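Before anything else, here is the set of structures, which you'll find just below.
Shared between the two complexes below is subunit A, which has subunit B as its partner in the first and subunit C in the second.
The block that comes next holds the complex of A and B.
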């Protein structure tokens, strides 16, 4: 695992030197500031409005960061040929994949926490505070980032940068609606199609399980601990599956 | 003598869709402890493919490659091997010091030892002054030296050098040659691929000639060429002397 950590550190160092994270950072802070400014008019329910929009902005921007950073990892190493001196070292291909995932996850989580920090400061400035459900929401979103990073790294072992980014972003958007869309469709389809839809429903990870934004906005009571633990296990299982597929694919790859 | 690298009946092919290109057609060769083995052949002969299989970057369709008696690309072997790729590319945002630190850590070299080792290898390849210069600002020749530095950071017993003179000027070639000979004097086994025969003539103990995926000959160098020095190397000597005299 030490080797994976060395690869992860390299991913973080590379990402810090690229400009896209800063562009996304400025963009999201600007958007959150615009949303926050609306509350100067002291309209009713603006904290809810601010919380909802800020959460949406933070979620999308951090997922875009994870996709942008993760999608280029394997293709760029191959195209720039930096992979050759690296893989000649005592580094297992599985450690390479885990390191890339870890680096992508950590840089995305770091950006997410910075955004959340700004969000919380703005929330305090409006006289609101941190709720338990907000902490749970942040934790589940971290798990979601790690899951999406694992999908992106898995796809980067056999897809080009652009194709990977497109598929991952599309999946992120659809991933929220897939459960509901399938259960709606099941009412109006034949047995065979229903079987296929049910299979898809079980196979693909449901990103909506990680989303507490509505509950945070409407200041619900905290979710029971067993739910959080179950979702955590769910994330760990799917992350392991995607990293395993990525490793197997990369292990067979001729460099 | 004890064989360190053994390649037996190695076959390899590349596939692009339905198209299949046979790269190696059953090559067999050995490199012995402490020698410089020159693996020579024209472009596209199969030199880099052989090296890629030795290092586990590619999988053979048949045959096997063994180093120190076990699968050449095993994790255990990688601690004992140094590799210089044909075209050396390194992370452009890192400095030679950071690159060597990263690679050194992969070899699990202790931090205190690693810092001394980095200074030592950078001095060996003449990059001490560029220790903290980002790779993107290094010339092609300097990148190649950095390539050699990363190949020897683990003080390997076997060095696999794929076209080490690629992109080097005559002075760089001479310096690279001196470094390689210095490593041989330290008892390292060097597997050296090249299509520059003049370089091979000057440093190799034995050579294997490959063409179109087949080994044509494997023999001691003096048995193949009969003599070491050629007109070309004499001319090169004069050229280097003139340049160096002018600079000093």
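The block that comes next holds the complex of A and C.
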């Protein structure tokens, strides 16, 4: 696993050298500041509106970071042929994939935590504080970032950079609606189609399970511990599956 | 090297375009079709093909406005918008509404049992997860936090200045629930400027002048403006405006005009005994 950690460190260092993260950072801080400063009908202390929009901005920006960083990992290594000296070293292909995933996840989680820090400072400035459900929401979002990173790394062994980014972002947007769409469709279909739809429902990861933003915005009570643990197991299972598929595909590549 | 750099730039451009397209698609998928007639952008355009562009952009803007409008309802019910999978829990007798419904339907145990068989343990687990992860029990917003609705009214009208309901309902909340009468009037005036035929806004404006400011002359002006509207208006709305107009005339001392208004109400609803009583009483007081 030491080799995987070295690969992960390289991913982080490379991401710090590139400019995309800084641009996205400035963009998100600017958007959050605009949201925080906006005034409506001379009303003060509008927390829910600020929380909702800030969460939306943070979620999208961190996912874009994960996709931009993750999508280029394997194709760039192959195109620039830097993969060959790496493979000449005592490095397993599974360690390479895990390292890429770990690096992508860590840099995205770091950015997410920085954004959350800024959000919490702005929240305090508006007279609100940290709630238990907010901490739960942050934890689930970290799991979501790790899951999305695993999807992106898995797809990067199959696709080009641009195609991977498109598919990943499309899945991120649609992943929230899968459960609802299938649930609605189940009411009006036959037994065979229902069986297929149910199977799709079970196979595809539901990204909405990692989203507590509505409960955070509307200040609900914390979610029971068993729910958090179940979602954590759910994430671990899917991350393992995607990394396994990515590794198997990468192992079959002739280098 | 230059070729590679150009390729990278093309890749970035493609990514940005793809992302923008995806966002638009997602947005369009969420647009409730019944609101399509509200268009933020005029279909008349001076540039060739501009009509199509304006229709597409108008659709995007009005779609965004509709999403923001739905937020007001979501905020009013503490984030509850849908009950995905809730029917599974209801049939199993789990959860807030479900619990209540289960107790209510206690006699139908046999039917419940048959339904339970339709869902396996995995279905139940997913349903319970969703139930716990999303707002699940409809509860109205605490009156002290009703101001949290207001940004969504404003944003709705910013995206679609022709969203009549957002102006009318927003004006109501500002004037009646938050006591911000000046802000309500300013907001609704903006709405009337953008929608001269939006009788709902003029009516709401008239009601604010009538009941909050007791300025019956101004109230009369707005009720008359609402009645002149070219927009389709149902009989109940028309009768409601006429009643307010009648009382605005009456409180200014114009009893005959008030009676005429009530006679119009009577022509719309001939069975309305209350209208007959009021007309009789006002005619007697005139004598």
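The definition used in the following text is that the second predicted complex is superposed on the first by the 249 of 255 C-alpha atoms of A that agree within 3 Å, B and C clash if a C-alpha of one lies under 4 Å from a C-alpha of the other, contacts with A are read in each partner's own complex, and residues count from 1 in each chain.
The rule we apply is simple: a contact is a pair of C-beta atoms (placed from the backbone, for glycine too) under 8 Å apart; a residue touches a chain by one contact, two chains touch by 3 or more.
None of the values given here were measured: they were computed from a predicted structure.
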* Asked: Which touches a greater number of subunit A residues, subunit B or subunit C?
  -> C
* After lining up the shared chain so the two structures overlap, which partner does A:48 touch, if you call subunit B first and subunit C second: first, second, both or neither? -> second
* **Touched partner set for A:225, first subunit B, second subunit C, both or neither** => neither
* Of the two partner chains, subunit B (first) and subunit C (second), which one does A:88 touch, if any: first, second, both, or neither? -> first
* To do: Check the residue A:191 against both partner chains and state whether it touches subunit B (first), subunit C (second), both, or neither.
  => neither
* Asked: Which partner does A:13 reach: the first (subunit B), the second (subunit C), both, or neither?
  -> first
* Asked: Can A:203 be said to touch subunit B (first), subunit C (second), both, or neither?
  -> neither
* To do: Check whether A:2 is in contact with subunit B, with subunit C, with both or with neither, and answer first, second, both or neither.
  => first
* To do: Using the superposition on A, tell me which residues of subunit A are in contact with subunit B and, in the other complex, with subunit C.
  => none
* To do: Give every residue of subunit B touching subunit A within the complex, in rising order.
  => 14, 52, 55-59, 75, 78-79, 81, 83-85, 87-91, 93-94, 102-103, 105-108, 147, 150-151, 160
* Asked: How about subunit C: which of its residues touch subunit A in the complex?
  -> 11, 14-15, 18-19, 22-23, 26, 29, 74-75, 78-79, 82, 84-85, 122, 125-126, 128-130, 132-135, 145, 147-148, 150-152, 154, 174, 178, 180, 183, 187
* Structure fact -> Interface with subunit B, subunit A side, in the complex: residues 2-3, 6, 9-10, 13-14, 17, 80-82, 84-92, 254-255
* Structure fact -> Note: in the complex, subunit A contacts subunit C through residues 38, 40-43, 45-49, 64, 68, 161-162, 165-166, 169-170, 173-174, 177, 179-180, 183, 201-202, 206, 208-209, 211-212, 214-215, 217-218, 220, 223-224, 227, 230-231
